[in-house]
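After this come two complexes, each holding subunit A, first together with subunit B and then together with subunit C.
Moving on to the complex of A and B:
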């Protein structure tokens, strides 16, 4: 087959796919068409996250798998980067989705927004290709500028950092200018201030430093103040808005809750940053400050569970989009258990001394990122597809509703299973490597070679596969749900 | 009575959110300035880069209930005495190499990173390097050709060959030696160094 045939073949396949999906973009406003572009890339990257996670999980069991071709470091980097980036894409998509309705006007810089989308997507593609094909460079600045920065979660090379900042500025401009042209609200105000912090913090991670204590100090400013502060508030905003739309909760109630959440979230999360400053060379007072404030971090997450459950219950769970509401409930609990309970379990320095840098963190990371951020994005994917289909009926009584229910079940059970397997591995590692053998290389490997660690890795692999199959079912469901549905969405009255 | 009580009012929580956020952030900024000044290279917690000329150990202090780095007499690295500027250059090369080779996505440094390979915080002091006479040579050979000089400790996990040059390997060893001298508040606990008597 020559290149021309291949090209024509894939074009025909793509055309068939589009006909099969039968989605009509004219059901969406121009702003929401931009929003769904972000959602589409988010789902593709979600798939990549799980694929590379599976490869890395396989290497824990069979270390020779793809050795020297795609080493663990590469797979793990793509695994966590794809995650961070798909969640950011999802958040941007959510914000563009609610922006027009919330402000009561069209997005001001739509053309610029579209350009930014393509620039960002092009940059992400190049970064991933370089990760996979070039992988590492020599120990000099040019490697950090062009290949990868080698700093967990924010590995993107410096050129891409600058691109990301420019794209974020365009996004920020669109949000502020659109609210200014239309109308402001409590939700709009919190969103705008949160985006200033979110974008500003990224800059703290854009400098090279030889002093590793200083480097990790600023690195945590980005990572912690993103995922344990500004992202949580962003989710609070998205949650507040979606509870109004899906359940008809009164605006005054969600806005008041949002302010309570911001006060609790920032009140505990900003100084909770200190729990990353126990062991990196920073002064001892962080043991007290970090321990105390991070122990308070679950409180706003309890508030969010109460908020979501109370509102859903007081509206007798009557809502216009059942899969979306199911995922919002999953978010409330996933966030509380994953970020709250699992974080609290090892946040006090007396315990963290032994759990720091073990599979405990991986256990917490899996449940927290999924519970807090994957879930809310998936809820919005369902909201978007409902409108894309023409605001159709999306209750649990339809013929194919088993798909979203099974996808929900498989994804949640898979992640919980991985979390428990990794927790067992973490306990074992904390005891044997950290407490008994004093964290030497020999101690590290005694723990890794231990049967309870190795069987935990096998269990993790199977639950990973369960998660992966849940995602494939989810994608199938998102592509087909509401197809051929003629009934309009259930009407929700605000009360 | 239809009036909303203060604790349930929107404006009360709005003000609270603003004050709490601003207050917390202000405290964080003040503590950041303090922490950064206390952790300058050359200070008490983070030694100057020329510490690579000295003997470094990590010893359990009974009164403190934790181990602390102990900087001793001269103990040259690669048989050379480095000036502060030369030492910084070498450590910088090592640090950039660890970033460009993406070490952190298998190893942890100061406990942060991935969990597929051992922690590097006190790796320079690890007993796995047999004795101090063999250590430097073993480390360089391992870094330059980890496949042939694999240290798998009975696991099948091997570090891949990352095309690390001899100069880069020396930089990495210097960086690891310097990092092992940082006061990490007693992390890792119960670590027995290559200097410790059995």
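Moving on to the complex of A and C:
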């Protein structure tokens, strides 16, 4: 088969695929068409995250698997980077989705927004290809700019960093200019202030300091103030808007609670990040600050529990999109257990000195990221697909509803299973490697070769496969749900 | 100054810390439920959850070797987790009451 035939074949397959999914873009406004572009890339990167996670999990059991061809360090890096980027794509998509309706006008600077989307997507593709094609080599100034910056979790080379900040600024312009042209609201205000922090804090990860403690101090700003604080507020904004649209909760209520969440975040969340300043050479007072404020961090989650009970007791809610609401409920539980319970279990310095950076952290990370961020993005994917289909009926009696229910079950059970398996591995690792053998190399290998660690890794692989199966089912469902449905979505009345 | 957890107290430290959050949330849930349902057993269950939280705080305080100003943290957890659901409930009633009144006014018009 020559190149021309291959090209024509691909084109025909793509045309068949488009016919099969039967999604009509004319059901969406121009702004929402940009939003679904972000969602599509988010789903592709979600797939990449799980694929590379599975390869890395396999290498924990069979260390020679793809050795010297696709090393564990690269797989782990792509796994984590893909996760951060797909969630960011999801959040940007959510904001573009709500922007026109919330402001009451068309998006200002949409062409620039579209250009930014393609620039960002092109940059992400190049960065991933470079990660995969140039896995080893000397670390020089040029490699920092062109190949890999070398900082864990934010390895993207400097040129891509600059590109990300520019794209964030364009996104910020779209949002602020649109609200300025249309109308401002409480949600718009919180969103705008949060986007200032979203673009600004990333800059903290773009300069080097010669002192490793100073270096780590600023690096944590990106990892934790960016991901934990600004993303949490962004999720609050998205959740507030979703609750109005899906359950008909009154604007005044969601706005008030959004302000309360921001206040709690400032009161406990920012200083709670002190638990990431343990053991990097910062002054000892960070142990106290991190410990005390980490103990207060679950209060917003307690607030959520009380408020949910109040609403359940006072109003009988109807909703127009059962899969989306199911994922929002999953978000509440996942956030509570992943961030609250799993976080506080090992956050006090008296115990954290043994657990920090072990598989215990990975256990917490898996459940917290999935629970707090993946779930709300998936909920929004269902909200978007409902409108893309022409605002059709999307309840439990929809054709093939088993798909979204099984996808929900497999993804959640898979992540919970991985979390428990990693918890067992982390417990063993912190006990043997850290406490008994004093963080020595010998201790590291004793822990890695311990039967309970190794069997935990096998269970992690199994539950990883379950999660991956759930994602494939989720993608199938997103492509097909509502196809052929003629009933219109239930109208939601404001409570 | 912190004193690391002893090897024998590893499990109890993790377990009691997790239990504080679980019991705190359980107390909050049952407290809120007791406000929308008059069954007195729910309120008793809420206070039982809080009792579990108290025991968990004591266990964590001992296992994590809290002393000096670290004991304040135990106090903050005991007081904070008791009053937080009450305060949040009050906020719920107030925030909803204002909008309920406005809604009723709008409907009257």
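Everything that follows uses one rule, which is that the second predicted complex is superposed on the first by the 480 of 495 C-alpha atoms of A that agree within 3 Å, B and C clash if a C-alpha of one lies under 4 Å from a C-alpha of the other, contacts with A are read in each partner's own complex, and residues count from 1 in each chain.
Everything that follows uses one rule, which is that contacts are C-beta pairs under 8 Å (C-beta built on N, C-alpha and C of every residue); 3 or more make two chains touch, one makes a residue touch a chain.
These numbers were taken from a predicted model, which means no experiment stands behind them.
**Student:** Just subunit B (first), just subunit C (second), both, or neither: which does A:306 touch?
**Tutor:** second
**Student:** Contacts for A:431 in the overlay, against subunit B (first) and subunit C (second): which applies, first, second, both or neither?
**Tutor:** second
**Student:** Looking at A:353, would you say it contacts subunit B, subunit C, both, or neither? Reply first, second, both or neither.
**Tutor:** Touch partners of A:353: subunit B and subunit C.
**Student:** If you tally the residues of subunit A touched by each partner, is the higher count for subunit B or for subunit C?
**Tutor:** Tallying touched residues of subunit A, the top partner is B.
**Student:** Mind working out whether A:295 is in touch with subunit B, subunit C, both or neither, as first, second, both or neither?
**Tutor:** second
**Student:** For A:409, select first, second, both or neither according to whether it touches subunit B, subunit C, the two together, or no partner.
**Tutor:** Neither partner.
**Student:** Does subunit B (first) or subunit C (second) touch A:250, or do both, or does neither?
**Tutor:** So A:250 only meets subunit C here.
**Student:** So, A:109: does it touch subunit B (first), subunit C (second), both, or neither?
**Tutor:** neither
**Student:** Is A:344 touching the first partner subunit B, the second partner subunit C, both, or neither of them?
**Tutor:** Only subunit C is touched by A:344; subunit B is not.
**Student:** Output check: A:287 vs subunit B and subunit C. Expected answer is one of first, second, both, neither. What do you get?
**Tutor:** Touch partners of A:287: subunit B and subunit C.
**Student:** For subunit A, give the residues common to its interface with subunit B and its interface with subunit C.
**Tutor:** Common interface on subunit A, subunit B vs subunit C: 252, 256, 260, 287, 353-354, 435-436.
**Student:** Would you mind writing out the residues of subunit A in touch with subunit C in their complex?
**Tutor:** Answer in residue numbers: 250, 252-253, 256-257, 260, 287-288, 291-292, 295-296, 298-299, 301-303, 305-307, 309-310, 312-314, 336, 340-342, 344-351, 353-354, 427, 430-431, 435-436.
**Student:** Please name which positions on subunit B make contact with subunit A in the complex.
**Tutor:** Interface residues on subunit B, with respect to subunit A: 8-10, 13-14, 16-17, 20-21, 24-25, 27-28, 31-32, 34-36, 38-41, 45-46, 49, 88, 91-106, 108-116, 118-119, 121-123, 126-128, 151-158, 160-165, 168, 171, 179, 182-192.
**Student:** For the complex, which residues does subunit A have touching subunit B?
**Tutor:** Residues 56, 59-60, 63-64, 67-68, 71-74, 76-77, 135-141, 143-144, 147-152, 155, 186, 190, 208, 210-214, 216-217, 252, 255-256, 259-260, 262-263, 266-267, 270-271, 273, 276-287, 289, 353-354, 356-359, 361-362, 429, 434-442, 444-446, 448-449 of subunit A touch subunit B in their complex.
**Student:** Taking the touch rule as given, give the residues of subunit C at its contact with subunit A in the complex, in rising order.
**Tutor:** Those residues of subunit C that touch subunit A are 2-5, 7, 10, 13-14, 17-18, 20-22, 24-25, 28-29, 31-33, 35-37, 60, 64-66, 69-70, 72-73, 76-77, 80-81, 84-85, 88-89, 91-93, 95-96, 98-99, 102-103.
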